[in-house]
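Two complexes are shown next, each including chain A; its partner changes from chain B in the first to chain C in the second.
Showing the complex of A and B:
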């Protein structure tokens, strides 16, 4: 009755009146709210049709109400945006939307809530989407620039995020732009470092982490820790970490086509884990640094390159006893194991274990020596037995005859070792060995810290006074380049001196009584392998040339040398070692070469394994699965996988299936 | 031998029906091949040669071919070597650097360049030519076969790889490969000139796989590389070539 007889004719006027009141309120006038609430309530009550109880309400007032909402704010928002900056609009929209939601709760039936919310989203967000999206990146930039999370930009960004989050997919374009922005900023930050990381890798790691932290804050505070944006950030970080330097101007980049991250990260580890007088880190601090390394590590694609450099540097630390502590070393190895798996660290672990085993071995050998009164020539010793294959070492590059002073020690140790481990073989790596000699022929006696080669050369002078370079070479067996280098370093520190002239001088110089250059103690560290030898490391602590320029030492095979009886040095312990340093760029190039060989080998092995299991595979599937297998170690280029496949075809392991394009078959 | 096509199999069967099953399928094939797969001619040849099973052509021919071989053969071994081959080429009026000779070598299933073993040269008998004149006359037929039938061409093309490479090597030197590609494919596919030019800076040997796939490549993209599928299973060298083409479109003409 009421519906048909009263409402129907009055409807239009009534609705108009109601909406007019609402409009006034929106404009900021005070209205008599009852005048709006009551009629609408009565319309709700008119739900007489049972199956559609709200039909009258919806048709009569809800739809017009929402239409009015649209109409009012379409103009309002456009005007506002025309006159104000987008960040202001964010707060404006926030306020207005809150107002309207509250208004709807008051005036409308609760069933209208979702419709109102959707309308508000349409009006305030969707309608102005490009403008709202466009402001995100500038705000991110502003927020990163002003690091405080309470900054104006941070707040605005959070509002903007909340608005855009109402529209599904609104972030898709923002996300790409943000990713690109993070990458651009990150690369610029690294670029700014220039060549510095090469000498101070800490800068590199710090710059990366600082960059990451800044954007992490953005995601966490402004983007409510959104998973979507976390992924974007991770992807961008991966891109930054694995980027090749843009400008190849720096000489450091020239040696290889590899991105520098893996090597820098390994270097940083070395810096932290290597004993140094300068800055010893506290345990807690060290642990934090290692964690930060791992943060970068997780983004690293060239994990194999890192492993290679890391193991090389670890080898040096262990062989030369330069580690800060065993705990620190094993802390790092266990972190790597956790991040990259058991296999990844198995060699590192083995190297580390070899050290412990060697310590035990030295102790038990010492006990045996003491107990049996074994004659080892009266020298102190320290042996390191390294498992072949686990260490990044190659066999000695030159033949070598140990000085007779060490003969007994070496023979006894070999016998002792073989007795304990029958079937194992020891190979000596004199290139990595150093020793100490005490002089007995000087006014003030010195301890000389020398390489094994230098030791052998000096020991010759226990048995003679003057030797020519050629004679030395014959007696110690060294290949001439190595010989020259070691002799030169002894001459350079003035332990040996050139015999003035050929001929009679040599004879006359023989006159000094055969001084006892009695070696009271020789400490030997010998590195040995279990099966076949390999060696390449060397003390990297170079002796800095003293300020004065020395005249170049001219040596040839007929140069005659004698012991300098007037040798003097301020220090009691004199380090001679330096000559051992091998060209590090050469070593680096070898490492890089090793990496690409190993990659090729790895890919071929992966292809063979897959093909052996499946017998027949399509090219794209095979490439995809190989990529997956390799992912833990490195990210292979497709061309490299194809090369691996081609080589296997060439060697007859695989064949292309006749008549089926892009199919391979396994040939048993 | 067992890679005969249906039509050829039928002809072999027909031939053996007429001349008698004592002639093996293999002999039948050889005889048919020698007469351009024309059953009638082959049958005629069979009977006019005295109808001997075991030879599609007159058995007397073998002696004549053998005599010819002796004439060119090297004194030191049982083969024609460079000198003999060149003399024979001269008599045959075959340019040693041109395709027809290569096709003849394929026909004789020669294993090594500039060399015919007795066994190889004796295939002339099976091919029904026992004089220089007969051999000369046969060459255009061989060439026509290779040119007109893609399957025969593919077989010939694959054979060229093994024939051209140095004995004992698995791959073909880039230089020889370039020469052969120009010789075999350049007139059919203009892109081959670019390929050869592209390879001028390539010093590594060409693998058999790359060699074989290149024929597929020109058959598919010989005139236009714009649709090239670089996610496909093509050898890396071909990928690089297409990249090079796309980077240097100017030289396309």
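Showing the complex of A and C:
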């Protein structure tokens, strides 16, 4: 009755009147709200049809209301955008949408809420999507530049994010743009560092982390910590960390096409964990630095390269007793273990353990020496017994005869060790050994810190006064290249001097009474190389300086040498170690070569393991699974996996299945 | 009746047996004739070995004789026909044909004289070219045949390319052109390989069969050896 007789004829006028009131309110005029609320309420009550109780309400007022909403704001938003910047629109839209939601709550039935919300999204966001999306990246840039989370840009960005979040898929293009932006900025930041990271890897790690932190803030504050954007950020970081440098491919030693991150990170660890006179980090600070290293580490694809460099540097630190502290070393190892698994750190762990075991061994040997009154030639000692296979060391490159002064000690120790561990074999690595000799022939006695080879050469002069280089070579047993290097360094510090051919060989009674405090490393076999990185910088500089003034020292096998009796040095302890330095680029190239060999080996092993288990596998499946297996160590290129497969086919482990394209079978 | 019937059956059986026996004798005679003919053919071929060191080995044709054999039946020594002949004979070593190999080949080709041989070879060549599995077997044989020594696993690039051209000359013009392009790549500076292994060799036939001439269905991560990725990269650079 009411519906048909009263509402129907009045409907159009009534609705027009209502919407006119609403429009006035939108324009900012004060209205009598009751005049809107009451009629709409009555329409809601006209729910006569049972299955569609709100049909009258919906048809009569809800739809026109929403249509009016569209009409009003289509013009309003377009005008606003035309006259104002997008960030201002963000806040404008925010306020207007809040107003309209509140108005809808007041005027309309609660059932209309979702429809109004959808309409608002359409009007304020979807209709202007490209413009709104386009502003995100500039705002991110502004926010990163400003860095305070309270900045204008940060607030605008948060508003923009909230708006766009209303439209499903609105972030897809933004995401890609953001990823590209993060990568571009990150690479630019690294590029700006130039060659600096090579000498100061800390700059590299800091630049990366700073970059990460800036964008992390953006995601956390402006993008509400969105998981979607966190993933974008992670992906971008991975790309940055694993990027190859664009330029100077030739200058940085063509040996490697590897991205520099793994090596730099390992170097940074070495810098932090190595004892240095300069600045020691506090424990808390150190722990923070290690955490930051791990942050970069998680993005690293070449985890195997890092492992390789890290273990080499760790070996040096341990052998030369240059670690900041055992605690720091084990803290880093346990972090790596947590991030990359037990297997990844097992060798590092073993190296670390060897040190503790060696200390115990030295102590018990010392006790034995004392107890039994064993004659070890009156020298102090420290042996390090290293497990073969765990250490990145190579067996000595030259034959060598230990000086007789050390002979007894070494024999006794070998006997002692074999008595404790029967069946184990000891191989000596004199290349890594240093010793201290005290001079007894000078006014002021010096302690000379020398390599094992240099020690042997000096000890010769306990038995004679003049030796030719050839004689030294014969007695010490060194290969001529190594011999020359060691003799040269002794001559350079002026411990030895050349005997003028015509000159009378002044007989000197002086005897460099050697009290050798030998630090000797032994181990049950070995592999790579060693360079005294710590002392590399200083002596080489000194060399250059002197070289200018003096003619270079010319040595040949007939050159005669004698002890320089006028040797003097300001310091009591004199380091002569420089000949330990190996060509570091050569060493690096060897490491890189080692890595690629190991990768090939690893891939082949993975392929064989899979094929052995499955007997028959499709190419794509096999490649996919090998990638997965390798992921913890490195990210293999498909071509490399294919090479591995080819080699296995060649060796007869695998065959292509006849008549089935892309299938391999395992040949037992 | 019973007896008569039995007798008739017996007579028939005897007749059949006699016929069979006669046939056997005939076949034996023919076989002997054929063998003699083959022996004669072999001897004729062997005669060309005179004056070469291979003369000493009586049961084997040396390089001189093999070349002369080819000449005698009117095929070039480095031709698809010669390859088909060796394949049919199952020749193990390039340039040497043993008497067993020679005879097996003649039997397989149903040829008794050198004059038959030429015709039979060209017939066999056509058969092989028309059959997928037949050609695959010939292609497979060609790799083994190109090896310097049976023990070696690879064929140096020059021999491989020559053999590839030779065997693929039996295929369609499009296949031949594609092979020419591949060979051009193999001998160019952008190819790092110095030899082909068996896998690379056999992959070329798969490549021809499976990959479209415009390379539109090529996938770099697919199961082909890396050499083929290099080839496709080279080809797409338009070199």
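Keep this in mind: the second predicted complex is superposed on the first by the 614 of 668 C-alpha atoms of A that agree within 3 Å, B and C clash if a C-alpha of one lies under 4 Å from a C-alpha of the other, contacts with A are read in each partner's own complex, and residues count from 1 in each chain.
Assume contacts are C-beta pairs under 8 Å (C-beta built on N, C-alpha and C of every residue); 3 or more make two chains touch, one makes a residue touch a chain.
Every value quoted in this text rests on a predicted model; they were computed, and no experiment measured them.
S.K.: Consider chain A as the common anchor and indicate whether chain B and chain C clash or fit when overlaid.
M.R.: clash
S.K.: Go through the superposed model and pick first if A:284 touches only chain B, second if only chain C, both, or neither.
M.R.: A:284: touches no partner chain.
S.K.: Have a look at where A:646 lands relative to chain B and chain C in the superposition and call it first, second, both or neither.
M.R.: Both partners.
S.K.: Between chain B (first) and chain C (second), which does A:620 come into contact with in this model arrangement: first, second, both, or neither?
M.R.: A:620: touches chain B and chain C.
S.K.: Across the two complexes, what residues of chain A are contacted by chain B and by chain C?
M.R.: 619-620, 638-639, 642-643, 646, 649-650, 656, 661-662, 664
S.K.: Which residues of chain A touch chain B once you look at their complex with the stated criterion?
M.R.: Touch residues, chain A against chain B: 619-620, 638-639, 642-643, 645-646, 649-650, 656, 661-664.
S.K.: Any idea which chain C residues touch chain A in the complex?
M.R.: 153, 197-200, 202, 206, 210, 220-226, 229
S.K.: Under the stated contact criterion, what part of chain A meets chain C in this complex?
M.R.: Of all residues in chain A, those touching chain C are 619-620, 623, 638-639, 642-643, 646, 649-650, 656, 661-662, 664.
S.K.: Okay, in this complex, where on chain B does chain A touch?
M.R.: Residues 170-171, 207-210, 213, 216, 231-233, 235-236, 239.
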